[in-house]
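Structures for review follow.
Look at the two complexes coming up: chain A is in both, with chain B in one and chain C in the other.
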Partner chain A sequence: MDHDLMEAGWVSRGHGSIATFELIRPTRVVDALAAHRVAEDSSAAYMAGGIDQINRMQDGAAPDRVIDLSRVQGLTGISEKFGALNIGAGVTHHRIETDPMIASLAPDLAAAWATFGNIRVRMAGTIGGNIMARHPNYDGPVLLAACGARYVFEKPDGMTSLIDADSWPDVPPGADAASGALLTRIVIPTGGDRRLVFDRSLKPVISVAVAVDGNGGGRAAMGCAFAEPVCVAFDVGANAGEIAAEIAGALPVPIRDVFAGSDYRRRMARVLLERQITLLAEMGP
Partner chain B sequence: MTDMPDLRVAGVQAPRKDAREKVTGAARYTVDVDLPGMLHAKLLRSPVAHARLTRIDARAARDLPGVHAVLTRDDLGGLQPTYGYFIKDQPIVAMDKLRYVGDPIAAVAAQDEVTAVRALELITFEYEELDPVPDVASALRVGAVELFEDAPMGIVPAYGRGASAELRPRPNVCYRFAYETGEDDAFDHCDHVFEDDFVFGRQQHFHLEPFVTVAREENGQIEIWTSSQNPFPLRKELSRVFQHPENRIRVHVPYVGAGYGAKNNCKTEPIAILLARLSGRPVRFCMTNEENFLTQTQHAAKIRIKTGVMADGTFVARAGEILLDSGAYADASPLVAEKAGYRLHSLYKWRHVKTVCDCVMTNTSPAGPFRGFGGTQASWASESQIDMIARRLNIDPYDLRLKNLLALGDPYVPGESGMDSDIGEGLRLVADRIGYHGRIRTPGRGMGLSIGFKDSGGVNKPASARIKISTTGAIYLQCGSIEIGQGITTALSAITAEILNAPAERVHYPDVDTDHTPFDQGTNASSGIVVMGQAVARAANEVKARVLEFAAGQLDCDVSELTLDDWNIRRGNESHPLNLMIMRTYGGTGFEFTGEGYHKAEMDHEAPLETRCVAWEYGWGAAEVEVDEQTGLIKVLQLVVSGDAGRAINPAVCRGQDEGSAVMGLGGALFETMLYDGVTLANGNALTYRVPLATDLPENFVSILQEQGHGPGPFGSKGVGEGCMLPVASAIANAVEDAIGVRVTEMPLTPERVLAAIDARNST
Partner chain C sequence: MTEQIELFVNDEEHFITVDTSEMLVDVLRDRLGLKGAKIGCDRGVCGACTVLVNGDPTASCSTFAWRVDGARIVTIEGLAGEEGALDPVQQAFFEAGALQCGYCTPGMILLAKSLLARNPHPDRAEITDWMGANICRCTGYKMIIDAVEIAAATGEGQ
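Let's turn to the complex of A and B:
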């Protein structure tokens, strides 16, 4: 809850009114980027499925302009290029769960994605919105970091930037909004015999995704336990217990909240990591 | 099981009366009510948990275009501005103090919600903060700041044999209920005395339709449409608050989008009415889902039980203390205390019982009625401890229960009504269904049993019904039971149709309107069938008798020769259409036959709660779990629940109630609870407050609907709807101990708590 509103007596999320805003509905990426350019004393926000943007506005965010991305061409494509899946930022969770190409090239990712939220969220929510929400409990960035995905942004100056999913937490929240960069697609490597497992049984305490490739490389990503997902690379060769212990021991201090303590989260990171690495080893190449 | 009468309409798995409307979206709820010129209300709420309100200035809000009324403490003149059940302590808006984060401070009615919120932003107020009282322990600490320095108006009702109560027995305790029976020295004769502590969580009702009222006042007539479970007591309370004649207050209740106990007594109604009065326009006050969390919750509880037993497992004596977290206002806490305290010793044979239940005030959301009504707290502690005792005595928990259970017909306590189900039979059913006996032991897996119970029918609860039949045989069933999703209109219509030998489709159930509907105390306490059902049956029998008497006069024969058959009179092989007979007598304008019915348990000072329990509602539960000893995560593999409907008026509706309540119990057992960070609710919205999903259901989730036939309701029926919630948490906790040998005594059984118990076991 916004602190100022709380001080004023607004104690309930959704209690405050959503401020008046200008709604822009572009159909091209270039128009969306142009629409995001507003005067210095104004603000703009992109909105895809609308779930998180509306939540933020109910919590007090008050952009002067909201740019609805639902009609923008090119944000909802799914294709394969150069050994990688390209998923448009506007693709819904439900499509990721059911798309034949994703099912063929990354069935483990599709299966994991099918566990998100509930059917209403999966029908409306998008992969791009899930990433841009920067919500510590969201599963998308955890899975994508484990998969070694990259986020593709189009910038107002016409340039394209790529950000590795595991370094996404290093981008300060709000920086993307300030620059007007628009997440347009997510590139997920599919080659190298990658295998992915995901455990969200302890949400909202911790969720863990682990992926290994055929070259002996592994990546473990953890959500819920930190302000942003934490992703760690490791070599598959060692004993699963040792790997898990090493990763868990080197983690930053997990958060402590009403759902669980910090120590429990760290301990669970180790337990779940060991299990998943073991499971991947048992699955074989 | 008794012999069942043959039934034609009741007892049949017929479609619900409200099914088509609800499935197609045509059903009309209070949230759908829209009156011409209607304004919209919003509330300013307290940002602090405990403070003295020193100044409030709403002038700027009043001046905002589009604002038609602003309500602050300055607008309460001429009213009795506080409400409650036994204790009238909750102000319409804050008067002197702010007592929890979310306590209403001011309200605005404006042309739309946005304008109302804008106006609230213009209201300024000042306060002097006081030490907060976040929980029961803080409230009872010596020298703790009191939420109420002066005693609010309150009453203690008359109690019968063994029961008593007291207002404000100690600081920050608004009410104490106590019950005692049997030999004082019974503990002295026990081979073992066990004392254990339990902690119960705090669920929120999470009804999908929020608290909502549409109000108008014209020519001295207050008229409201509201999402309420008890319109008649609500009307009486509004009459007192507004000092307004009851017959000038009219309460309409359309469909209610669930309540689970929350929608009793004043919620959105006083503010909507007052804003309508101040503005001269109809006002709609609809809370948000988040505001529901700030309005009504279940009672968290700390429970200590002392149980004395003989070495062979014979129960001797039980004493207990319950501390209910009542939140900032008393609400229905005294009534919940009665039931929690009265049920704690549970349905076993004791030589001595002594229980005390205190309602403790804290600076948190007010707690009130919740499905199970004190029975959930009592069953959690009682049935957990029964298992713990069994294991300490090395007796199978199943056998220990059977050895000590009350038998069919045994009074619950002296002066109380008898058991009206074979409790052992229910336990055998769930144990057999889950495969309890002879189960093969698997590491990490275990099974647990539990029996929950509560009364069905409330205390001293009257209900009345009227049935009218028109010339053409159209039947009007008028009674105050609210269709809150439980299927009561279907069930009562079936009872009516059965007695009148008519198809259920011919029974119309008009919306409840206190100007025209006969009195009912409320749709709560699983009373729809055992109290209102009896009133409806009497009304149906009375109108049937009048019809037959009329027909006998027309046919010049004795009533005993006639039967009513789908609005025809049968006399031997003859069939006489009633519409023709009526018009021959009353002419073409026709006529209506009317029957009235009433039911209330008799007053009885020998009964501890002044009337004997109308019926007992049981919930039998069995759970099989698998516990992950590395994470503490419990996986419920099987959950078997069973209730006894006596005679199910509609089996599908009864099973729906049993299964819905069991799932609510499952949520409370494993994860569903309001989490406070100090005095701030940390998960008070749908995103962070976890309720069960379909994917949380155990793979083997079974409900067994028993029809033992001993109920006092029509055709041997009993109330259902709450019973199967009661045994779930303790059955799971018992299964956890069976699985891994650790006992978790605090709900919900989160992985972190379970793992802590495992760690404690491993360290000893």
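Let's turn to the complex of A and C:
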């Protein structure tokens, strides 16, 4: 009875509905990749903090093997190289919020990251899981796109690939998962007097992150309003209202759901963008 | 498929064989008889199932038991002192009247313990932010925040 109701969507699936699976706990990236390369008739899933992965399994996903990433060496480092922060995919939100190196090189990013969810979620969830979950409302990809970050993947064929955070939405969700690529680190440029502001006060209608650099370049990224974040580059020179109107007018059609219609989302994109560009101008270099 | 794990729950060592799909909350409640951790949302949202894993507040409904192999776990049952004396945070909840039905209370108290262990003198804003991780359907939160302030004032966490 319960099972039928659950299948029909009337009763939510509890954690008891998760099927047993083979657990693999690799300590090296190559072993994690190898574990993902499984026979045709079986499936595998990586698990970092497990927040989304466990919810997916409650919702019916039933991987034959789960590859726990928590012991994989090299996924939890934070370092600075050639003017960029390198953050391991397995670094938790809480570490991003509290790490001294991030606080000194990208304090605005650390402050924005500290607004995610709540302390339990920030202690368990990882930056890599946040990106790879590809949830339209998650904040990590929005902030990282505005900052001009790049994602570094190790692939099962031994190749490394780099993908710009702002072009990540163009990679079909199945493509990365199917290939078993492992996100290993995120590279975030820190030079050029970048300043970043983030407004999530209208979530889940829209979230907006805007970054400007000392050379007059700006990037605006928007979440919640589209299936994947949208990022737009702009020149800082013009009046904030004009820039905001131009960006908002050229956006693809925002989604329409119980929280808001498409027109409202577009209007709020313009309002928040104008507010943030003005704020950044007032903050000065 | 199963895994053999070792847990230190409220300072007691346990060797347990768990199914890979088994959650920590089920091990605590059904195997060890520690019913303090409650299941509310079962989705890692409400915090009713919060326990401390190596000091970190953790949603036991959304944590596979194998994930905490070797960890030190504290449940609400682990806070009682000699002859059932209340822990200072429990006492503060009692004094502030910070509970009604009590369903969220074990999780709230453990969440508060984790805050005070890191920051013995949080201000009200810090308390509000931290305690915002858990949901209470009864109290309206003010008394819970008051209770954490009382516990901090009594030196809990130092």
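Here is the rule we go by: the second predicted complex is superposed on the first by the 270 of 285 C-alpha atoms of A that agree within 3 Å, B and C clash if a C-alpha of one lies under 4 Å from a C-alpha of the other, contacts with A are read in each partner's own complex, and residues count from 1 in each chain.
As a convention for this text, a residue touches a chain if its C-beta (ideal position, glycine included) is under 8 Å from a C-beta of that chain, and two chains touch if they have at least 3 such contacts.
Here the structure is a predicted model, which means the values were calculated and not measured.
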Touched partner set for A:21, first chain B, second chain C, both or neither: second
Which of chain B and chain C A:259 touches, first, second, both or neither: first
Which superposed partner A:120 touches (first chain B, second chain C, both, neither): second
First, second, both or neither for A:30, with chain B first and chain C second: neither
Chain B versus chain C as contact partner of A:55, first or second or both or neither: both
Partner chain(s) touched by A:66 [first = chain B, second = chain C, both, neither]: second
Footprint overlap on chain A, where chain B in one structure and chain C in the other make contact: 12, 14-16, 55, 118
Chain A-touching residues of chain B, taken from the complex the two chains share: 42-47, 101-102, 105, 113-114, 117-118, 120-121, 123, 125, 288-291, 293-294, 630-631, 633, 675-677, 682-685, 687-688, 690, 693, 750-752, 755
Interfacial residue positions of chain C with respect to chain A in the complex: 1, 3, 19-21, 23, 25-26, 39, 42-44, 47, 50, 56-59, 61-64, 66-67, 111, 114, 129-130, 132-134
For the chain A and chain B complex, residues of the former touching the latter: 6-17, 55, 118, 201-202, 204-205, 257-261, 264, 268, 271-272
Contact footprint of chain C on chain A as seen in their complex: 12, 14-16, 18-23, 50-51, 54-55, 57-58, 66, 68, 70, 118-121, 123-124
